[in-house]
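Heads up, the next two complexes both have chain A, just with different partners, chain B and then chain C.
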Partner chain A sequence: MQIDLRTVAIKPLRNTFDHLVERFGDKPASRYQEGSYNIQQEHIFHYRPSWDADRVLFDKKRTKIQMKDWYALKDPRQFYYGAYTITRARQQEAAESSFDMIEERGLAELIPNEQKQIALDILLPLRHVEWGGNMGNAYISAYGYGTVMTQACLYHAMDHLGVAQYLTRIGLVLDGPDALDKAKDDWMSGALWQPMRRHVENLLVLDDWFEIFVAQNLVLEGLSYPLFYDHLDSEFSANGGTAISMMTRFMGEWAGETAKWIDAQIKVAAAESPENKALLSDWVKQYRAVTLDALTPLAKCALGDKAAGVLEDVLTEFNARCAKLGLAV
Partner chain B sequence: MSTVFIAFQTNEDTRPIVESILADNPHASLEEQPAMVKINAEDKLVIRRESIEERIGRRFDLQELQVNLITISGHLDEDDDTFTLAWAN
Partner chain C sequence: MDMQATKKKLGLKEKYAHMTRGLDWETTYQPKEKVFPQATFEGIKVHDWDKWEDPFRLTMDAYWKYQAEKERKLYAVLDAFAQNNGHLGITDARYLSAVKLFLTGISPLEYMAHRGFAAAGRNFPGVGPRVACLMQSIDEVRHAQTQIHALSNYNKFYEGFHAGASHQIERLWYLSVPKSFFDDAFSAGPFEWMIAIGFSFEYVLTNLLFVPFMSGAAYNGDMATVTFGFSAQSDEARHMTLGLECIKFMLEQDPDNLPIVQKWIDKWAWRGIRVLSLVSTMMDYMLPKRVMSWKEAWEIYFEQNGGALFNDLAKYGIKVPDCIAQCTVDKEHQSHQLWLTLCTHSHAMGLHTWLPDAEEMDWLSAKYPNTFDKYYRPRFDELRERADKGERFFANTLPMLCQVCQIPMLFTEPDDPTKICYRESEFQGEKYHTCSDGCKHIFDDEPEKYIQAWLPVYQLYQGNCWPEGTDPTAEGFNPVAKYLEWCHIDAKDTGDYEGSSDQENFAAWRGVATQNV
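Coming up: the complex of A and B.
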């Protein structure tokens, strides 16, 4: 007797959800598309929110930036919950092994005192700046419009907490729990930190969520991350503080990755209309000036004579980046 | 005229790859089989790194193709940016 094996191909009747068919046609959708597109709540708001009776619950008018299609602001990294957590878990494992190695081999003791002091004075209080970044991005995900934007901002908010935690651990490795109290004091009352604290606190009270996106994600991060995690980091490495670089590796990588996403948002929003472009450019000019004022004393403290040159490099790179995004700055 | 082809497993990873191959090679035809997609093309089939990267939003090493690759036919010419199947002679 002979048995023939036969395979039967079963064509699915439908490839994906209706809300994705509307946008992409009836073809298999990626997980990112399933979790992001056409799911912004738009209808059936029974009541206006009592705390803002002029607007509906999720209102497009909470920012002056206007888009015909808010889903144009997609995330090039295509992060949905799964992809995001898997990526960060992998990075955390790498960071964890760096910290383990430093602790096991006592590498922190080999860092010259001068370098250690700069790390404690400059990097540690930055954890409070990161908290501001967390608040700003959480605000965007609460009041922003369009799931592709708001979900990415929520991930970004969580990443800021992650960075704050790494900074905390750097303090614990270098100098124990006292370092954290000292950093908090510096942040609250040290003269060096007051311009930055004022700036971060001013960002906390902004209304327009896209303005926060520009001020925080594009300008503040665009200027401070290259300064601290690129230029200052090379100084650490050059002067025997390689262990510090090992502990800030995540920040450097993360800034590179998230810059791509931030650029994509600004580029699309600026290309949408001349009004958007003008508004975004104005915001960049406005916040670039205050951010630089806040960074200048920190750069001087961290880099001494080199500070002016480094700040100029950082600024030139930042301006070139903005020009590439189609902004007039 | 001779035909080259490449076949992949059907899954989440290969969907953007297949999409970019079809976009870059308008003369290619898609043959869907159970758990496998086969792409046939007359003479030549070019797979470009850039167009895959555009669809997946991250860096892509063309050698990642091998993970889900079932079979190919044709002479293979591979560099960092392209993966080309052709009957050279």
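Coming up: the complex of A and C.
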């Protein structure tokens, strides 16, 4: 039997704010809606930015992509700050227990040397790629348009910092601080890493924020995460490196979740107009080529003979994903 | 290769350094100037970014963990508040004018801070400040959202909230005061942003904003506001540390930075103090249950705390801003002059005002023995007499605004509290008016910037603030009524509290909640 506690019932005058009623009808709004829609100011700005005097503070022209309603780019995860941090805290707790177990039981010492070496050579320098991802998404958060996009990109930027820090911890577990120095040397001057570093640095000087979104979030992450946290991860597990897989658990989960958000952005933007679709498709083609060039030597180093086949699989999946999003790639 | 894992336990500082600073690198495929194009144009010289002391030392896993705990608690309280008609626990629905001012004047600034710190975070060549700024940026989006969520319940029951915060801050004349402040800071470079917001606003002036609001909420039974205030407090402590670190860093890096930083401190101290005028009215007039007077708050949080800070900064050559002498005069007058203006213009506002009653005026006399009875009580008495005769006075026109702070020209001369202070500057053949020596000085230093100000009253009279399709030649055309329509302000949102539907509903609902009727 259910018993409803009685409280004094006072009928509210209204369900929510006017702009949400206009968008979603006269009903109670979700916390995501209240915290995201029409939060960024849009129409009236006092001073031209000293760093971009041809535009206003929040300017739709900072990207070539155009939307009638920028709030169409909503986040299917409905992340406002509270939902975001609570989700990440839960995932972090699971990741933490993996690290604890590995450290308490000395599992890292059971990893075969060859696997450990691949992890040190490949996963560790990736922390710098993640830092590039942080900077790109911070840029979008600063100069992008519409709270639904800018808040999600800041969460994404912080996630990249988080992933970089998990990769750092892997280095510390496997080989201590020296491993990080070695990875940095590889990143700076090892031949294997130069195409990737050049690509990441080139992304740091783009000024169209949606272009950064495509190059970084769709293409670079879309190709590299399956390669490293799916295929390479399987190799680790299959060859006695389960402890490494345990330490990259966060990345695998995170990539799956965030891909849904990224897809939703691309799909809606592409469906908006033929111009958007063409531009997004061109960007994907352009950045897919350089990303593949940068990933190929890393795949060969990590996967040896299997590299070509794996890259082929990754590419096929990625192309199918893009096609599903309405892109011509 | 020897693959033995190193067993040495890392210290917190060392571990944090690996987790953040170790991630960055000096780019070689792209020049630093292209990666960080905003690092130099303000003239600040930085020789060694590694000298930056990281104020937070939080890694992301710890950040998520602590912040998620706070969020869980906060939303549990907000849910309970909504479920149990917490909105009836406040002292009086008059109090909600302060909350309306907070939601429309402050919450949008939190959002601007989120964007501004994201920009600063992307622009500093040093990894330490980049991470610290990003952490603050994400905290600020938290604050905007938790405030909206906490106050959304009031919107369901009371007038004045429904238009939404951004809609109002873009349009309402008194809200262009805080809006122009953040637009000003965000349109400057990243270093000035850090002095304007990180240091002046978050470090020097923040107590004058948040302590009165949150204590006011506690005194007046507003548990929703108290809860988000407490929940934000630990974030704010981090932000204050960042503000202090950034100024010390700039001053320690190069002696040439001192005059630039001093100029920004002078500017942003005065800009900030003008914005806080709105808070002074809240403390002295809008809280049914008062916490302390504005003058007392000023003396504690600015004169004592701020004074100690400036003593510390003296070793770098920083001087107390000249405008502070004016503040010593203003603290006696500011809230009264501004509230009188708000009372006589409340037909064009998104909140209610009221004339202080006898008990409240006695409180003001006691708190302001030098000025209240002499200059302000007689004016409130006269307004009260008129109101009692059914002729509550509202000004027929909207006030002239200061070109810099955008507050109506209502403050008085430093040496004569009966004479309105006007200052005039000429730029490119046009005359511009400011409300004080402080604002005139700011204008004269950057006239190209301040002539761009979007002054709502002037825009209204130029016909730019009416709904699309408005015909100003139509019979009986009322520009202010059309302006309010454009602001999405309804008749119920505005005017005197006496006789308002907020007053009526609150009384009726309280009756239902506390009596057997």
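Here is the rule we use: the second predicted complex is superposed on the first by the 320 of 329 C-alpha atoms of A that agree within 3 Å, B and C clash if a C-alpha of one lies under 4 Å from a C-alpha of the other, contacts with A are read in each partner's own complex, and residues count from 1 in each chain.
To be clear about the criterion, a residue touches a chain if its C-beta (ideal position, glycine included) is under 8 Å from a C-beta of that chain, and two chains touch if they have at least 3 such contacts.
Keep in mind it's a predicted model, so treat the numbers as computed, not measured.
**Q** Which holds for A:Phe318: it touches chain B only (first), chain C only (second), both, or neither?
**A** Neither chain B nor chain C is touched by A:Phe318.
**Q** Looking at the overlay, does A:Arg31 come into contact with chain B only (first), chain C only (second), both, or neither?
**A** It touches chain B and chain C both.
**Q** Just to be sure I read the superposition right, which of the two partners does A:Trp283 touch: chain B = first, chain C = second, or both, or neither?
**A** Neither partner.
**Q** Is A:Trp70 in contact with chain B, with chain C, with both, or with neither (first, second, both, neither)?
**A** A:Trp70: touches no partner chain.
**Q** With the two structures laid over each other on chain A, which partner does A:Tyr145 touch: chain B (first), chain C (second), both, or neither?
**A** The answer is neither, since A:Tyr145 touches no partner chain.
**Q** What is the contact status of A:Lys116 with respect to chain B (first) and chain C (second): first, second, both, or neither?
**A** After superposing on A, A:Lys116 lies in contact with chain C but is clear of chain B.
**Q** By the touch definition at the top of the document, which applies to A:Asp18: first (chain B), second (chain C), both, or neither?
**A** second
**Q** If you count the residues of chain A that each partner touches, which comes out higher, chain B or chain C?
**A** C
**Q** Does chain B (first) or chain C (second) touch A:Phe210, or do both, or does neither?
**A** Neither partner.
**Q** Per the definitions at the top, what is the overlap between the chain A residues touching chain B and those touching chain C?
**A** Shared contact residues on chain A: 7-8, 31.
**Q** Chain C touches which residues of chain A in the complex?
**A** 7-8, 10, 12-19, 29, 31, 34-36, 38-51, 57-58, 80-82, 85-86, 88-90, 92-93, 95-96, 108-109, 113, 116-117, 127-128, 130-131, 134-135, 138-139, 141-143, 147, 150-151, 154-155, 157-159, 161-162, 164-165, 168-169, 172-178, 180, 184, 187-188, 197-198, 201-202, 204-205
**Q** What residues on chain C touch chain A, complex-wise?
**A** Answer in residue numbers: 1, 3-6, 8, 10, 14-15, 18-20, 22-25, 27-30, 34-35, 37-38, 41, 59-61, 63-65, 67-69, 71-72, 74-75, 83-85, 88, 108, 111-112, 114-116, 118-119, 121-122, 130-131, 134, 137-138, 141-142, 144-146, 148-149, 152, 155-159, 161-167, 169-171, 176, 179-180, 183-184, 186-189, 449-450, 452-454, 488, 505, 509, 512-513.
**Q** Spell out the residues on chain B that touch chain A in their complex, using ranges where they run on.
**A** Chain B residues touching chain A: 12, 15-16, 32-34, 56-58.
**Q** Mind listing the chain A positions that touch chain B in their complex?
**A** Residues 7-9, 28, 30-31, 75-78.
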